[in-house]
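Dropping the structures in below, format is structure tokens.
Common to both upcoming complexes is chain A, partnered first by chain B, then by chain C.
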Partner chain A sequence: MSDLKTNNAPHSSVVIPHFIFGGCSFLIVAILIILADTNILEAYFNSKIIAITHMAVLGWATMIVFGALYQLIPVVFETSLYSEKLAKITFWTSAVSVLYLTYSFWVSAFTTHLVYASVFMFISLFLFIINVILSYIKSEIKNISSKFIIASIFWLVITELVGTLIAFNFKFNFLSQIHLHYLKIHASLGTIGWFLSLIIGVGSTLIPMFLISHQLKKEKLVVSFVSINVGLLCLTLNWFIFSNSMLTIICWVVIVIGVISFMSFIYDSYKKRIRKKLDVGMQYTMLAMASIFMPILVSLILLLVFKIEYELLFRIATFYGFSIIFGFITTMILGQTYKTLPFIVWLEKYKNLVGKTKTPLPRELYSNKIAKIQFYFYVLSILSLGLGLILKNFIAIKIGSFSLLAVAILYNINVLKIIFHKVKIKDNE
Partner chain B sequence: MNKEEVAQFELETLELLKNVMDPEIEINIVDLGLIYELYYDGNEKINIVMTFSTPACPLGETIKTDITETIKQKYPNFTTIIDVVFYPEWNTTMVSEAGKKVLGM
Partner chain C sequence: MNKDNLISLDVRPIISKGNDPFKEIMEIVNKLNNQQTLEIINSFEPIPLINKLKREGYITWTDKSDAVIVHTYFKKTTELKGSDELSLENNTTTFDEKFKQFVGKLKQIDVRDLEMPEPMITILEELEMLPIGNALFVEHKKVPQFLLPELKERNFEILYNKKTDNHMQLLIFKA
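Now for the complex of A and B:
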């Protein structure tokens, strides 16, 4: 008999706090966007935008990703998490570090608090990395999904190193080039290396599982893995050593081939799915998948168009970051929350009751109505904020930011509804 | 129990297992085609050979518990032995006509 992996799932006390903190961070992000006011329309290296970005990518996205990954390691690596205690310690250090880092940016404390905040953040991420790598070492399964996850961990280390170097440079000023050069590297490695690789690694297992599709061509994932990592590695070397613009374009093409190969895998999965109707979680997921083409298009514009004024260039750069963080990553997380969190809680509350009593379905743990309203508000917020950034229209920014606040509130209501679900016992007829 | 009675009992047990749902796919495990074999030894022991839609199915253990408990509710003294296999690999052709209807296939 095969060894079942359900027993490897960590205790919910490891996972749930990440979703609570992530949800709160999402709410803070929405509030900060409103508070940032017209600063949102300034250049992307504005301290308010950097504070919002770090709260979004670390407090919101990374925290949820940490929690989800602790739950998914048994599914993808087919082994238990190396240490649940270490995961709990990592949660607390990360939570404090994210808040401290965001505060440091928000008040522009570049030469004072930022150095300490970045060191705390580095240590927190390092603890997470150790836990994942040690889990991987004891795993017997080394499939393409797990390789993507390990690659994403590698890029997270590099991203963090560059980020910490930038923070130290504000105080000690030792780097040879201007901050914006390193900021570009830091942001690109974080979004492509960390988030994209991780989403591909986890998504290549979860999306076919949720769509219930089989007989997919895994070779496409191998092409994607090689292209993205080789492309990103060359790009990093180019940024640090060669600074050759033609090489940048070649690397961009190689990375895009990798992304398209993954998209083709997902498209196959979508076409071969046996459940035709998509639930709200998978609607978000498919929207996230489609939205991946926007940053590809915008990055192409940034690469090829030289003769535009700086003000417009900065606006396009801000839109590029927005399209990745909100268009792709946030959409993906919003969707996958509805696919994973109800199961985590359902398993915890009902695993000992199945067969003895009628149990609700995991999707019945949240309000589908709220999830749907949230989806419409989300589409409105993305469109309004996106148009507002591109057209420099503050009214569109206002509509978008208040819609995003509505999304964050509705999301948190559903997350809390799931987490604090009370067991419903009903005798078998 | 003679051969016919055993066969009838096995069919009834299979029908009983239609109460066991895959909580994600929201269809019972029999119509989903997860049960490969079910046989009764005529002496209060049921053997089941089954699979999951994916080897790392996070609900695998829960579905097994659900099967054991569902049988126990009706036949308290029975022993249920579940053997999980991944060959042949589960695929959509194993879904019953009723299951296909539910899934909109």
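Now for the complex of A and C:
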């Protein structure tokens, strides 16, 4: 009770740079996909795909998540961020590390640069983790949303430990299993443990808030929390120790129950919403929610179909990764950017004027037209990239990658428009 | 105040029989939950009881509008999130006491069905129009984290009364 301060919101100089860097990274990802050219369809995990993946999940998704989370900590934890200075340091070290890491993969510098890049990345992520955990400790709110966030932080630690382990193994070769085994663990923990848990934690607070729906069954989130974490914990132990394929399937079922329980919570929220018309930000968000079914389906195929030729197996695995990183995570972030960033900037620029004069609304800070066009390009791009990957069709990949570039450009225009918004006072009607 | 949560005890018959109602009152007081309010109906103001329960952290107020009957109310202190921190000058003020103080001078609004940031805009607009000495009573979903610094900036105090996880009452007035 005593630490509930009057000013919990972080300064915008902590938050905004993450959105700028994230936007640039998204643009770089789109360009790299075009540059990777036919490498995208190569039958094994090549360094180009790994470079693009890391740029996407760290430079783009994680950076925006960091920025958004710093802003949301007051809302979810009801306390201020532990240290804004630490957050600024984390931003710069992360930015440099991501670029270095992506470069190391892109040029296949596995035995030279990669080790250093992964250590830098490890330290940067760790600074973030410390900041969030120390914020959580001083918070008195221990609700289910904040537990999801803390669990996601835990999985981020494990993900980066395994990732760094793989990087070191390239140089020193001490692991018995092939890299692909650890890569699978690294990728699964990163996507399910870190991103999915985090999105559920933040989404379970924000989505009902934006849809304006009351009286939701929080029990569904508890089921989701327990299932996902127990399932993932068993899965990790199984991969490291037992390697029992039956246990893998059981874990899969438990995790899927958790995901569906969350989906059901969101569906309730959607059904009970007071604000019927979805704006562009919520259209993205709902599309992201629906697209969770795709990786569930694809992972089921990967689990159950044993006799499958390697080439096809890798292609499906690539599609699986794509469906999570683009279908789910990127869609979610594109949508939530339109909900959170305008508010952050609006708050900064108009807080002193609100109530005293007529001010624009946050949604008037960006061009709705650009956002709409961006949405259609985005749907086109994920559909053609997805189809291209599955059908091994290079023309579809080309259409998809250039549409994605268009999305990235339009997105950046709107992000910059929001950030550099000039204060306007409306005439009193 | 909700009628269902009101427990009334008329102590006049007990006193007229020559007995002390103290034991009976305390039995009810000890069973009171956070929502319930005890109403003591008596012919005079029970000062010793009021002082005793005040020391134990109860909120109490008296209604002497009737010439012969005195109604005295007791209520447990509800969870007042951060009220002690935020009401910077008057640390002992509680939501209920303040609420009582502003009865008749309250503007009531409900922002639970508004989309962000309209709750904040609505509250600040209402505050601009609020007559001096009046208070704004807001039905809200949560602690309005981003509104707090602005209230402080404009010299307003805020008190909370948490009803449920999704329902919060705010009392905002000029410091």
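Quick notes on this structure:
Throughout what follows, the second predicted complex is superposed on the first by the 417 of 429 C-alpha atoms of A that agree within 3 Å, B and C clash if a C-alpha of one lies under 4 Å from a C-alpha of the other, contacts with A are read in each partner's own complex, and residues count from 1 in each chain.
Following the convention adopted for this analysis, a residue touches a chain if its C-beta (ideal position, glycine included) is under 8 Å from a C-beta of that chain, and two chains touch if they have at least 3 such contacts.
Since the model is a prediction, treat every value here as computed from it, not as a measurement.
When both complexes are superposed on chain A, chain B and chain C clash. By the touch criterion defined above, A:Lys276 lies against chain B but remains apart from chain C after alignment on the C-alpha atoms of chain A. With both structures placed on the common chain, the touch criterion links A:Gly355 to chain B and to chain C. After the shared chain A is superposed, the part of chain C among 60-68, 78-86 or 114-122 that runs into chain B is 114-122, by C-alpha clashes. Overlaid on A, the two complexes show chain B and chain C touching the same residues of chain A, namely 1-2, 4-7, 9, 74-75, 78, 209-210, 212, 214-215, 274-275, 343, 346-347, 351-352, 354-356, 359, 361-362. Against chain A, the residues of chain C that register as touching in their complex are 81-82, 84-86, 112-117, 120-121, 123-128, 141-143, 145-146, 148-153, 165-166. By the touch criterion given at the top, residues 20-21, 23-26, 53-62, 64-70, 72-73, 82-86, 89-92, 95, 103-105 of chain B touch chain A in their complex. Chain A meets chain B in the complex at residues 1-2, 4-7, 9, 74-76, 78, 205, 209-210, 212, 214-215, 274-277, 343, 346-347, 350-352, 354-356, 359, 361-363, 428.
Listed in rising order, the residues of chain A touching chain C in the complex are 1-9, 74-75, 78, 143, 209-210, 212, 214-215, 218, 274-275, 343, 346-347, 351-352, 354-356, 359, 361-362.
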